[in-house]
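This is the structure, below, for whatever I ask next.
Letters are used for the chains, namely A, B, C and D, taken in the order the chains are written, and counting of residues starts over at 1 for each.
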C-alpha cells in the first residue's frame, strides 16, 4: 500500500483535516441549527490533532505523495504548521462573532476548514496541476467566506470584487502555466527544475515567469495585485479578513517559494523584479495606510506592506533571504493575528471599526491596550518584539548580499518610518487623554478569545528575546528549499 | 565586587516598573510615588558603587557581563549578537548621571504629575532601563535595540502627561529619532557585512569591530557607514538642520520628562559620536572633522541667536540646549585629548544644568500657568529661592568660572583652538573657535534676559499669591547645585575618570 | 613678616568663608541678627586689611619681592591650569587699596542699608565681590585672572541688580554684564591665541601656564609665531577685556547705568576697585602689550577719547551719581591713556589716588541721597553744607583732589600730564588738559549745586548717622595725602616715591624740574572752578545773569550732544533694535518656518501623497484590474529596459 | 496552409485578450464572469495545443484542461451565487453600483 504509506509519511495533517471536514459536513446536515456550536468544537479538535500530527512528520527528509505531485520537506512542514496554527486562531476568533452568521455556523467552519486544506496542499504541492487545484480550493472557499454575510451589502460587494479579481488573476497565472508546460512539456516542478537546469528557456520563459508569479502576487496581496485587499478586508467578516491576511498569505508564499526554482536561468531578472515589487508593495501599502480611519482597512494596507517585506526575502534569492522571509512570516503571523484578535474583541462588543472609536480605551482596558499596542509595535518593528528581530534579520540578510542590494535596504528602511506613523496613530488613539469616557470597559473575562489574545501578545515579546531557536528553524527550513543558486553562501 | 552586577543595574528598573504596573500593587499614588522614588534612590547609590570600584586606568570594559540564551557564547548565535554589558570611561559617568537625574525627576514629579501614577512611574523606570542599556551595551545590536526601545516610554510620557500640541510633538520626536536610527541600522549592518566578508565571522561586538578590525573597508562604504552613524547621533544631539523636534518635544513634555530629555537623552548623541564615530573610525573622523567643527559652530551661534528671539521660556531653554550641545561637537571635532575630554565634560555639565533649568521652568509654569515672558516678571519677590537657584544655574550655563560649565567650555575652547584637525581645509580651527566664542556674549544675553524678564522688574498683581518652591523642588535643585559647584571647583574629579580612556582614544588618530 | 607673605591666601579666603557663612547661615535660618553678617564681612576684610598693610611694608622694605605659589587646578594631559597667589609690589599696592576701601564701605553700608530688607543678601554679595576682587589681584597667571575677572563681573551684576524689582536696575545689571561679556570674549580669544602661539614655550619651560612673571618671554615668541598683524589683533583682543571692565569707549555705557545699584556699591565697585581692575590687568599684561606698538597707541587714544567724551557728558548731568560715574569714566580714561603712552607708574598712581577720593565722593553722594530720601537730582538739592557739614567738606576735599587743584589728585594727574609732555604726545596732552578743565568745572558744579546756595528740594531731610560719616572722615585722609606722600617729595624721611615702588622695567623717577606744566594745569583747573562758580555759585550769579542766556543759546547743539551722552546709548539701542534683534528674529522665523516647515512639509506632503494614491482605490474592481495590469506591464518593461541597458 | 502550434497559440492569445478586455470594459457583472470563462478557455486551448504538439506520451495538458474546466464551472457557479446575493441587496448587476468600499 504505497499510496497509504505516502499519505502517512507526507500528508498526515491533510488526511486528518479531510476526515474532520467530512465529519463536519455530515454534522452540518444532521445537527439542528441551535447546536451547531458542536461543529466549532469538532473543527477545533480536528485542527489541534492535525497540528500535533505535524510533529509526526519527519522533518529531515523529503517525502512525496500522489506520484510526486506533493512533497513534504521541512519548509513545507513549517508552513503547514503555521497555516494550521493560524486557522486554529481564526476559528477561535469566531467564538463570539458567529452569532452574526445566524443559523449557518456549520457551513462557515466547513468552508474555513476546506480553505485551510487548500492552503495546506498549496504549501506542499509539487506539481502545476496540484498548485492550481489547491489554489482554487483555497480561493473559492475564500470568496464564499468573504460573502458569508449574505444580508450585508459590503460583504456581498467584497466577495464579488474578490471573485472577479481572483478569477482574472488565476486566469493570468494559468496562462503562464500553459506556456511553462509548453516550453518544458512537464508539469512536475522537480522535473521542470531539472529541465531548466539543462536548457535555456529563452525570453518566452521570462514572460511566462512574470505571469505565473502574478497569480501568487494576487494571493499574497502584493503590488500591483493588491487593490482587492482593503475592500475585501473591510467588507468580509472579521475572522475571514484575519484568515485572508494570514493563512491565505502564508500558503501563497509557500507556493511562491516552490516556484523560485523556475528562475534558474534568470536569477537577476527575477530577483530585481521581486525586489521592485516588494518595494512598491511596501510603499503603496504604507502611503495608503497613512490616511485610513477604518482600522480594518488600515490592517489591510499594513498587510500589503508587510507582504512587501516578506517578498524582499524572496527577492534576494538566497538561503539567507528565504530564512529571513520565513522568520518574518512567523513574526507577522503572530503579531497580525494578535492585532486581528484585538479588532475582533473590540468589534464584538462595540460593533465599531474606526480608529477614533478606540480613543482613550487604554485607561479602562489597560490589558487590551497594552496587548494590542505590543502587536502593533511588533508590526512596526520596535524592540523588544519579534517584529523588530524579524526586520533586523531580514535587513541583515539584505546586507549580506552585498552592496548590489543596498537600494533595497535604503527604501525598506525609509518605509519603516511611514509604517511607524500609522501604527502609532492607533496606539495614540488608545492612549489619548481626556476621552476616557467614550469607551466603557470591555468585557475581558479570560475566555479562550482573550486568553489567546494575551498569549499572542506575550509571545510577541518573549519571542523577541528568545529568538535563536526561531532563527535556526527558519534557516533549517530555508535550506530545504530548492533555490536556483549555484554558489553556497556563508550560512551556518 | 561580586555584588556589583550590571545586569541588576540595568534590568532592575524594568522589573520594578513591572511590579508597579501589576494589578497587585496598591493603586495609591503616594505609595506608588514613594516606592518609585525610593527605588531610584537605591539605584543611584548602587550606580555610585560602580563608580567607586571603577578603575579609570583600565581603558577596557569593566564589570563585563554576558547573558546567554540557548547558546554557550551569545544571545543570538546565528548572527553573533551578544547580550553583553560593560562599563568604561565614558559610560560610567553617563550611568551615574542617568540614575541621578532619574532620581531627581522622580522627586519633582509630585507636582507636575497628577494622573495615572502607576503608568507614569513605570514608564520612567522603563526609560531608565533603556538609557542604562544604551550606555553600557557592548554590542552594536544591543545599543540599537535600546536606542529604539527608549522611544516608546518617551512617546507615552509626552503623549499622556504633556501639554499643548503634545500629540504632534510626541509623534515628531519618535519619527525624527526613528528616522535617524535607521541610518545607524544601515551602518551597523554594513559594518557587520564587511566583517563577515573579511573574517567569515558574523559579529556585532563593539570590541571586535573596534579593536580587531584589521581589514580595510572601501573608502566609499566606510564614509557611508560613518555618515549613517553620524546622522543618527546628529538627530539626537541635535545638530542644526535636524534639531526641530527638540523645541516641540521639550515644550510639550512634562517637567520631569524635559529634565530627562535634556539631561540625559541628548547626551546619547554625544556618547554615540564618541563611541562609534570616533572610536571605530579613527581614519574617517579625520576626514570629517571639518564637518563636526562647522556644524558645531553653526549649532552654537545659530541656536543662541534663535534663543534670543524666543518669547517662550521653555523654548528659549530648549534652544540653549541646542546651542550648548554645539560645544560638544566643537570639542569632538578638535580631535585632541583635551577637546574630547572637554566635550565629555560638557555633556555632564549640560546634563546637570539643563535639567535644573527645565525644572525651574516647570516650577514657574506650574504656578503661573504661563511661560510667555510678557506675562511674567518680578517673580523674584515672591519666590526668592527659585530666583537664587536660577541665578546659579543661569550663570553655570553661561560659563561662569568655578561652576561646572566653565571648565567644560575652557577645555573645549582650548582643545579646538590648539587643534589642527582642519589643516588643509579652507577654514582654520582658530577662526572657528573664535566664532564659537562669540556665543559667550549671546548666551549671556539670553540667559540674563530670562532672569530679567522672569524674576526681576515689576511684578504683576496676579502673581502676588505665587508660592516659592516646595521642599521637594528645593531638594532636587540643591542636589543639582552640589555637583555643579563641586565639579566646577574641581573638574578633575570628573575628568580623571575618563582621561585615560580619551588618551587611548586619541592614540588611534594621532594627527 | 614672612608669615603674612606666606599666608596671603587668607586674604581672599576669609571673604569666601564669610560668604559661605552668610549664605548657609541665612539659607538654613541659623541666625537673624544683622550684626553677625556685618561682623563676618567687616571682620574678614579687616583681617585682610591688616595682612595687606604688613605685606605692603614688607614689599617696601624688600625691594623686588616676588612671591608666587601655584596650585594645579585643571590637569589634563596637555593643559595644566593653575590657581595661586602672587605677591609683588603691584599686588601689595592693590591689596591695600581694595581692602581699605572695602572695609570702610562695608561699615558705611551698614548705615546705608540698615532699613533694607535685603541686608544679609547685600552683605553676602559684597563679600563675594571682595573675594573675587582680592583673588583677581593676587592672580599668578592670566587664566586665573580671567576666572576672577568674570566672578567680579558677576558680583557686580548681582549688586547692580540688588534692587531687582526696579526694572531700571534689572536692565542696568543685564547691560553691565553683557557689555563686560563682550570684553571677556575678546579677552578669551586673546588668551587662547596667546597660548596657542606660545604653546611651545610653555611646553618647554617648567613654568605655570600663562603666568604673569614670564608672560613677556612667551609673548615675544608668540609675536614671532603669529607675525605682527595677528599679534596686533591678539593684543587688541586682550585689550577689549580692560576696555569693557574699565568702561572705556566704546564699551563705557554700562557704567552710568550701573548707578542703579546702592550707592556704596557704586563707590566700591564702580569707582574704586572693579573698574580699576581693567587698568590692573593692563599693568599685568604690560609685557605683551608692549610688544605691539599699534595696540599701545590705540590704548592711549581710547583712554584719551574716553577721558574727553566722558568729561563732556559729565558737564550736563543733573543726577549726582551719574555725574560722578562719568567722572569715573573720564579718570579711568586718564589711567588707560597713561598706560598707553608707557607711563606705567603714573597710571597706577592715579588708580590708587582716584580710588580713594572717588570712593569718598560717592560715599558723600550716598550720604546726601540717603538723607534726602533717595533724591538724586542735583536740581532739588542745594545749601546742604549747613545741614551736613562733614559731608560737604569731605566732598569738597574730593572735588579739589579730582580737579587736580590740591591733594592727591594733583600729584597723580600731574604725573600723567608730565609723562605726556615728556613723551611728546602733544595732541593727547591738549586733550588731557581740556579734560582737566572740564573736570574741575563739572566737579565744582556738582559741589555748588549740592552744597551751596538755597535748598531747592522738598524731601524731608534727616541727618546721616555716625556710621556713615565716620568712613568719610577716614577716607578724607588718604584722599588728601596719598598724592603728596608718594610723590617722591618726602624721599628725605624715607618714604619712597610711587614710581620707584610700582614700576615696569626699571625704576624711573623724574623730578618735576619743569614748573611750566604743573602751573599750566593748575591754572586750567582754576579756570574750571571759576566757570563753575560763575554759573552755579549764587553769590557770583548776579554778576553775569545777562550774558548767560546768550552763551547758552550758542551752545545748545553741544549741550544736546552732552546731555544725550554723545548718543552712544541711542546708537547701541538702534543697533540692537534694528540689527541684532531682527537678525535673531529672522533666524528664528527661518528656523520655525523654513527648517521646521520643511520637516512638516515632508510629513504633510507624505500624507497628501497617500491621499492621492488612495484615489486609485475608487471602489471599482475594473479600475483595480486596469491599474494592476498596467503597472504589471510597466514593471516588466522597466525590468527589460534595465537589462537591455 | 497547415495549422501549426503557433496558430493555436495566437488564437488563444486573442481569446485571452478578449477575455481581459471583457473583464475590464463590460459593466454587466454577468458579462464579466463570462469574460473570465473566456480567459480560462483560452488557457484550455493552449494546454490542448501544447499537449497535442509536444507532450504526446502522457497528455498532461489535456488533464490540466479538464481540471481547469471543472474548476471554472465551480467558480462560475460561486460567482453567480454571490451575484444573486448582491442582487438581492442592491437590485443591480452593474459593476459601477458596487463601489461602496473604497478609499
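The rule is short, and it goes like this: contacts are C-beta pairs under 8 Å (C-beta built on N, C-alpha and C of every residue); 3 or more make two chains touch, one makes a residue touch a chain.
Every value quoted in this text rests on a predicted model; they were computed, and no experiment measured them.
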item	value
B-C or A-B, whichever has more C-beta pairs in contact	B-C
Computed distance of Cα centres, chain C from chain B, in Å	38
Averaged-CA centre spacing for the pair chain D and chain B, given as whole angstrom	65
Separation of chain A from chain B, taking each centre as the mean of its C-alpha atoms, in whole Å	43
Averaged-CA centre spacing for the pair chain C and chain A, given as whole angstrom	79
Multi-chain contact residues (two or more partners), chain C	614, 617, 619, 621, 625, 629
Touching two or more other chains - residue numbers and ranges from chain D	20, 23, 95, 98, 100-103
Shared-contact residues (touching 2 or more other chains) in chain B	175
Set of all touching chain pairs, with the criterion as stated earlier	A-B, A-C, A-D, B-C, C-D
Chain C-facing residues of chain D, complex	20, 23-25, 95-96, 98-103
Chain A - residues contacting chain B, complex	363, 377, 382-384, 388-389, 392-393, 395-396, 398-400, 402-403, 409-410, 413-414, 416-417, 420-421, 424, 428, 431-433, 465-469, 471-472, 475, 490, 492
Complex contacts: residues of chain B adjacent to chain A	69-71, 75-79, 115-116, 141, 145-146, 148-149, 151-152, 155-156, 159-160, 167, 170-171, 174-175, 178-179, 182-183, 185-186, 189-190, 192-193, 196, 200, 221
Chain B residues touching chain C - in the complex, by the definition given at the top	172, 175-176, 240-241, 243-245, 302, 305-306, 308-310, 336-338, 341, 378, 380-381, 387, 391, 395, 400-402, 406-407, 410-411, 413-415, 417-418, 430, 433-434, 437-438, 440-441, 444-445, 448-449, 451-452, 455-459, 491-492, 495, 499, 503
Residue numbers on chain A that touch chain D, as the complex places them	128-129, 132-133, 136, 140, 143-144, 147, 150-154, 156-161, 163-164, 167-168, 171-172, 174-175, 177-179, 181-182, 185-187, 230-231, 234-235, 292, 297
